[in-house]
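For reference, the structure discussed in these notes is given below.
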């Protein structure tokens, strides 16, 4: 699609294609600028939280936040204006994210010290995915999602087992070590068990009794070994997803897409497949 | 199986099917409520251990524990009553877990300060697996168990190697660093070696001598690299288990063994395969 | 091989088969006892290092060490006596380990405070592998060794890259943070880089400057990501080794062992293969 | 290529082959010596940074650095002299690295306290790769690069997701915990989120509020689970790269594409395959 095609359309359609798609030069420029502004607004969020900068350059940072808010507000209104089904856009995931990019500055007028607005402002980062979603990364992210979806049930079984382990190990350590050694309650001990099982190991709470250290050793070995489980699940699913993709050659009669490697006949309708080009 | 089938049976049979299976609407409702009560009773265990809450709401928490105990007791007795072979149920794994859900409150009457009862109460978490075991997660957990079973011997070799490394590295660090640097005994040094090899790294004991740091570097690189071993073992076994599952039906004419999942025709000779049940 | 076979041999041959092999009932009993004694002697090493126990039970622990030394000495001499080629045994890997099990107690007579003897005593742990090596675990350990051997060159490239990263990151952090923040020298900074890259994270040395934290972030992300490399290498090699094993059916004419799955003809000599039993 | 071939060439050509290639005895000796000198010069860098050694042996270490600089300078000039296209060498990656090996000592004459020169000196480590690049490790490193290249887009998607998570979790923890608990700013909280998500866990900053610990638990479980993603991506790509390599030669009669490594006959039709060079 080139600029000539764009010129023959109405303003609203042209805007729609530029803003919501990336396959026009104007659309690419728009996305690039949007990315730059999103990252700039995130940098302002970071600086805003550092006492040294917010004290010295407070008005400047506030001004920049208002500038980005106005830009995002205009963008949001234009998106509503040019979308063929505005209602659908407004209630979509990215529509909500776009709205969230705009509101913090206005809420801050009413509630000047609302700290949680920083989180709302950080959520702007999610807009980056929309911009990139429309590029070549889509198909790659898709692979990861297919693999994650395929391993969903196995991962739930795994997370449930981890939760059980963490609960039982945590209770055990609370009983063994007790409040005098920093394990002040079972939730605290469960927090310790998560810190240890995931091999993070902050060291803010550590076992002091020999029995506690023995149990800790078991928790650590368990955590070190069972990391193999989610890795194995995901790797096996991803390998399957990638293999399935590499074998997509259409059956000429029933249009079934994926076939076994080197299959001579379609496994659904039994008709002969054309010799496939083996460019890999 | 629908409600009409259930109505034509005796009370005991109906209860058995509702309580031990999930493929009836009543059974699903029973399981959902059981899950809710199990989690509620675990939340009470957590709150009971937090000094702030147990001081303020002690009687309430005790009352709730008795409520859950009575519910679990009734459930346990009903399970015994309606099971076709009560003895078999009582001595099964889940029968023991069910009994353990009931006893802590009664033991607490005799021994009011027995802290270890908290662990017994936490074991209730395992009941969650029974409830879920009867649903669609079964087959997925099965995959993981098949893979774990297949890699059992390799994992024993791996764990034995880790034990040897940890023992020798621990002894080495005890000799190098000595009690003055926190390595007070060989068991303590082995604990440190486990903390380091599993990449947990609490930081409660750290090497102080240059030679100790050099050995620690080796321990860390070793731990970082050999995590590949259990992961590789499990991934390879899981991939094999998944492939084996997707490929088990013989072609009746050419005797080709492995086919694509849900293939209706043999991809080598084109003859029709027997329709397999695709419950997955 | 049963007891009758053993009785028809000379004493020396019978001892040789009992001690060096496990496929006789007597050999299995011998190995079991040897394992028990090795672990008992290791437990004595552990207790010996704990001040509390060595102070109170010093003579008992010394006596036990002498008991185990005498047992190991007799075993060593018997092994030399009954081996068909004693010289070959003495200079083999396990021959050296067996000798090392005996010497510490005698050296301790001359040098009573030689702490490093603890390490020599801990090396006894390696004898466990000999005992197990002769059982069913052999073939499984073999898989791991084949996979490790196959990935040797890739692992060297990986370790060299890690060494380079750790050297450059370490030097960088020394220059950025400097001795005042705990990075007292480049070797110390390299130690920190290893602690961080391997995701151990003791926390004994941490960056304090913003730039140091930024570089630390890069080190951590790097370490978190590149663990995929050894895991990927080993998994791919192990999967290859396991697939190769599952495909071992002998060619009737050229005796080639491993063939492609479902191969109808030998890929070395071209002769037809017998239909294989697909029990896996 | 043997010494006779070398003797028939001119000096410049002989030098070029000795210095830039390794398949001559002289070239191998040259590379070995170069490796020794590079490592020796790196050891000097390490010792130079340890206060104890640089105070006591300062002049010796400076002298050695000058010695290595002169050697590297001569080597650099000889490389320029004998290379057929000197300009191409000078502006190549390794040409730049070679120059960087020489400059620090000269800059130190002008700016005696320039600490960052240590980093420049550490970069010499990269020269090791050139020496090894010309040996058998090349093809192995190539596999890793092919796999990394193939997974580039997936890894960018992964890193972007991690960045988003770290940004949002970091902001959340800053709002929950606040400056009084060590989370002094959002950049600091993001640093904490990276430390936790990558399972490094220094423990210099830890959550103190119950809500903060709950969020930290989520960060840790996330970090523990998603490490499966880069590992899965890389493993799947590497397995594909390895399989592709072992399977590239067409059967001349039935056109089957993939065969076992070193197969001499097609396993489908039994016809002879072209002999391939089995240098692996």
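Observations on the structure shown:
Which chain is which? They are A, B, C and D, in the order written, and residues in each are numbered from 1.
Note that in this section a contact is a pair of C-beta atoms (placed from the backbone, for glycine too) under 8 Å apart; a residue touches a chain by one contact, two chains touch by 3 or more.
If you're wondering where the values come from, they're calculated on a predicted model, not measured in any experiment.
Shared contact partners of subunit A and subunit B, listed by label: C, D.
Each chain gets a centre from the mean of its Cα atoms; the one farthest from the centre of subunit D is B. In a homomeric contact, the two copies may use the same or different surfaces; for subunit B and subunit C, under half of the interface residue numbers are shared, pointing to different surfaces. For the pair subunit B and subunit C, the distance between mean C-alpha positions equals 29 Å.
One inter-chain figure worth recording: subunit A and subunit C are separated by 41 Å, centre to centre, where each centre is the mean of the chain's CA atoms. Residue positions 187, 190, 199-203, 223, 227, 231, 233, 235, 239 of subunit D are each in touch with at least two other chains. Taken as a graph of touching chains, this assembly is complete, with every chain in contact with every other. Per the touch definition, subunit B reaches subunit A in the complex via residues 42, 45-46, 48-51, 115-116, 118-119, 121-123, 125-126, 128-129, 132, 136-137, 140-141, 143-144, 147, 155, 159, 162, 187-188, 190-191, 194-195, 197-204, 223, 227, 230-231, 233-235, 237-239, 242, 259-260, 263-273. Residues 153-154, 156-158, 160, 163-164, 167-168, 170-172, 174-175, 178-179, 184-187, 189-190, 196, 199-203, 206, 210, 213, 216-217, 220-221, 223-225, 227-229, 231-233, 235-236, 239-240, 244, 255-258 of subunit B are the ones touching subunit C in the complex. By the touch rule above, subunit C contacts subunit A in their complex via residues 199-203, 231, 235.
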